[in-house]
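The first chain written gets the first letter, and so on, giving A, B and C; residue counts start at 1 in each chain.
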Amino acid sequence: MGINVKLQAFEGPLDLLLHLIDKNKVNIYDIPIVVITEQYMEYVNQMDKTDLNVVSEFLVMAATLLDIKSRMLLPKEVNEDGEEEDPRAELVQKLIEYKLFKHMSLELKDRQLDAERALYKPSTVPPEVEAYKPPVNLEELVGDMTLSKLNSIFQDVLKRKEEKIDPVRSKFGKIEKEEVSMSDRLVHVKSFLMEHRSFSFTQLLMDNHSKVATIVTFLVVLELIKTGFVTVEQEKTFSDIMITVQKNPELIEDIDEE
Amino acid sequence: MDIERIEAIIEAVLFTMGESVEADKLAAAIDHDVDTTLKIVHNMMDKYESEDRGIKIIELENAFQMCTKPEFYDNLIKVASQPRKYVLTDVLLEALSIIAYKQPITKMEIEKIRGVSSDFAVNKLVEYGLVKEVGRLDAPGRPMLFGTTENFLRSFGVQSIDDLPVISEDMVEQYKEEAEYELAADSVAAKLDESDEDDNQLTLNI
Amino acid sequence: MDIERIEAIIEAVLFTMGESVEADKLAAAIDHDVDTTLKIVHNMMDKYESEDRGIKIIELENAFQMCTKPEFYDNLIKVASQPRKYVLTDVLLEALSIIAYKQPITKMEIEKIRGVSSDFAVNKLVEYGLVKEVGRLDAPGRPMLFGTTENFLRSFGVQSIDDLPVISEDMVEQYKEEAEYELAADSVAAKLDESDEDDNQLTLNI
């Protein structure tokens, strides 16, 4: 015995088995299990054992082969219909299926070579087409907004402004109590989101570096993560946080600050 | 090589390159000299132009490019343009209300009232056609003045800006009273009140 | 709109977009229903194929794309460069063919057929954009199901997955005949043959 199997790389145990069957010129439906098992083991023994994952895959098949070998020696098992079962049947089925796919992969390879002979073209959308914006449907845009609603919005704005002016302290001029509201930061973040798809947290703070602003901005970002408008990534601790826009920022609603 | 095949190759080259291709490159592809190539391509250009084709060949400084016939841009837009959603967000509504009630107004003033940059909001409102530039302020930098458009009036069912509901004097009074109340006995407060006149003026000028 | 103009629009759209365009988008561009659009495009495909054109239209699962005719490849590579993005090793091709024929399929099932771990192969195929996750199996652990992409169709010149080269009955028969021939007188062989009936079913059902 001992057809010397060169130590070539096989994709796996099935690949090796097909190779042995081919090399011995035996029939796949009637594998001489003793011979094949012997040659299979010979190959496995010579294998580089450093990659345990690979080795274990080959060993599982080795166990299967030995199992089949021993069952071949026993009286034939009989199935429910009273027919004798060949211990090799399952393995044969697997080998045939594998062989078919190997064959199909070669067929695909040919097709790929043919397909590569066709060349494609990059998209060349004329700027005029690219710049096209559908007309604004004002009726839809304005919706159920009315003049009186607009009026109350205006009054809210004015009121907010009044409240912001602390009548006493504003006189001293120099002392500033910093007020950074979530809403205000949100407005800033939102407009930033509209113009950038991806940016760092530091970039967000360009306009206001104060501690309060940083904290409030961070809270706003957390809120946006929660509502799914952005995702964040940080390469390692203390490195800058990268923010990526996920949904249309125009849809961001004001944050309820309670 | 027959002429049909040559033309087919030129078509294929111009197609796949997308951008312009120099005449000598085309010549190389079809294995002919540049003069012959030019003749062939010029002939092809006429053919593309006169036939019912969606594409044509244009010449640019001894180079050629295949491009879409402009007459089909409208059809192309149906495929290539991005669907956009226009929404009047709270931010936009705020800016719009300020412009509506205080027009003509500069971006700077809007910012002062809202306390935040309003560039984006104003630009969007202009894009939507609700707001437009109505002039320039006679001040350093000659900043733009914004006001509402006729479309705005139509959309909100207003005849003219004079019809905008007034911010009642009562309300302004109320703000003032609150302030006065808090600072009543205080002389500092009294001064404040005076010096705040400007601010009130601003609100009263509506 | 006459048919020449419609064809010109389709040509313009496919040319401009470069990438594949779904039938319904083409339909929108020419203002017709999808069925009519399909008929028109299929007719155009035949025309491009038979006429002396350098380009043709290919179909990819209900989308269409324009590309050069393969016969001009040798002329084209003189001036254009073909970006060869990846080399598919036998391992990758094997995993790919299993996925192509048995999609949707889990990594586990691929492993069962190949007899080796296929994590690496599947991940690479996903990276190359030939394979993608198409869902999850309703089973413990909800394993991912993989299928082929449009890019797979394009790269292998396949119109749709139904158009893959068939795993022919002939091939299975051939294996069996070889067996029968060699083992003609052997009764065991005959039995094996019978009991293999199921297997064939399995392979043919792909």
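To be clear about the criterion, contacts are C-beta pairs under 8 Å (C-beta built on N, C-alpha and C of every residue); 3 or more make two chains touch, one makes a residue touch a chain.
Bear in mind that the values here come from a model prediction, so they are computed numbers and not experimental data.
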Chain closest to the middle, measuring from C-alpha centroids that were averaged per chain: A
Farthest chain relative to chain A (centres taken as mean CA coordinates): B
Distance from chain C to chain A - Cα centre to Cα centre, in angstrom: 23
Between chain C and chain B, distance of the C-alpha-averaged centres to the nearest whole Å: 44
Approximate Å spacing (C-alpha centroids) for the pair chain A, chain B: 36
Junction residues of chain A, two or more chains touched: 119-122, 124-126, 129
Where chain B touches two or more other chains, by residue: 12, 15-18, 68, 76, 80
Chain A partner contacts - residues on chain C that touch it in the complex: 15-19, 58, 65-71, 73, 76, 80, 82, 84, 88, 90-91, 93-94, 96-98, 100-101, 113-117, 154-158, 165, 167, 171-172, 175-176, 178-179, 182-183, 186, 188-189, 191-196, 199, 202-203
Chain A residues within the chain C interface of the complex: 11-15, 27-30, 53-54, 57, 61, 83-86, 89, 92-94, 96-109, 111-112, 114-126, 129
In the complex with chain B, residue positions of chain C that touch it: 4-5, 7-13, 15-18, 21, 25-26, 28-30, 52-55, 66-69, 72, 75-76, 78-80
Chain A - residues contacting chain B, complex: 119-122, 124-126, 128-130, 132-134, 136-143, 145-148, 150-151, 153-155, 157-162, 164-165, 167-168, 171, 184, 187-188, 190-191, 194-195, 207, 248, 250-254
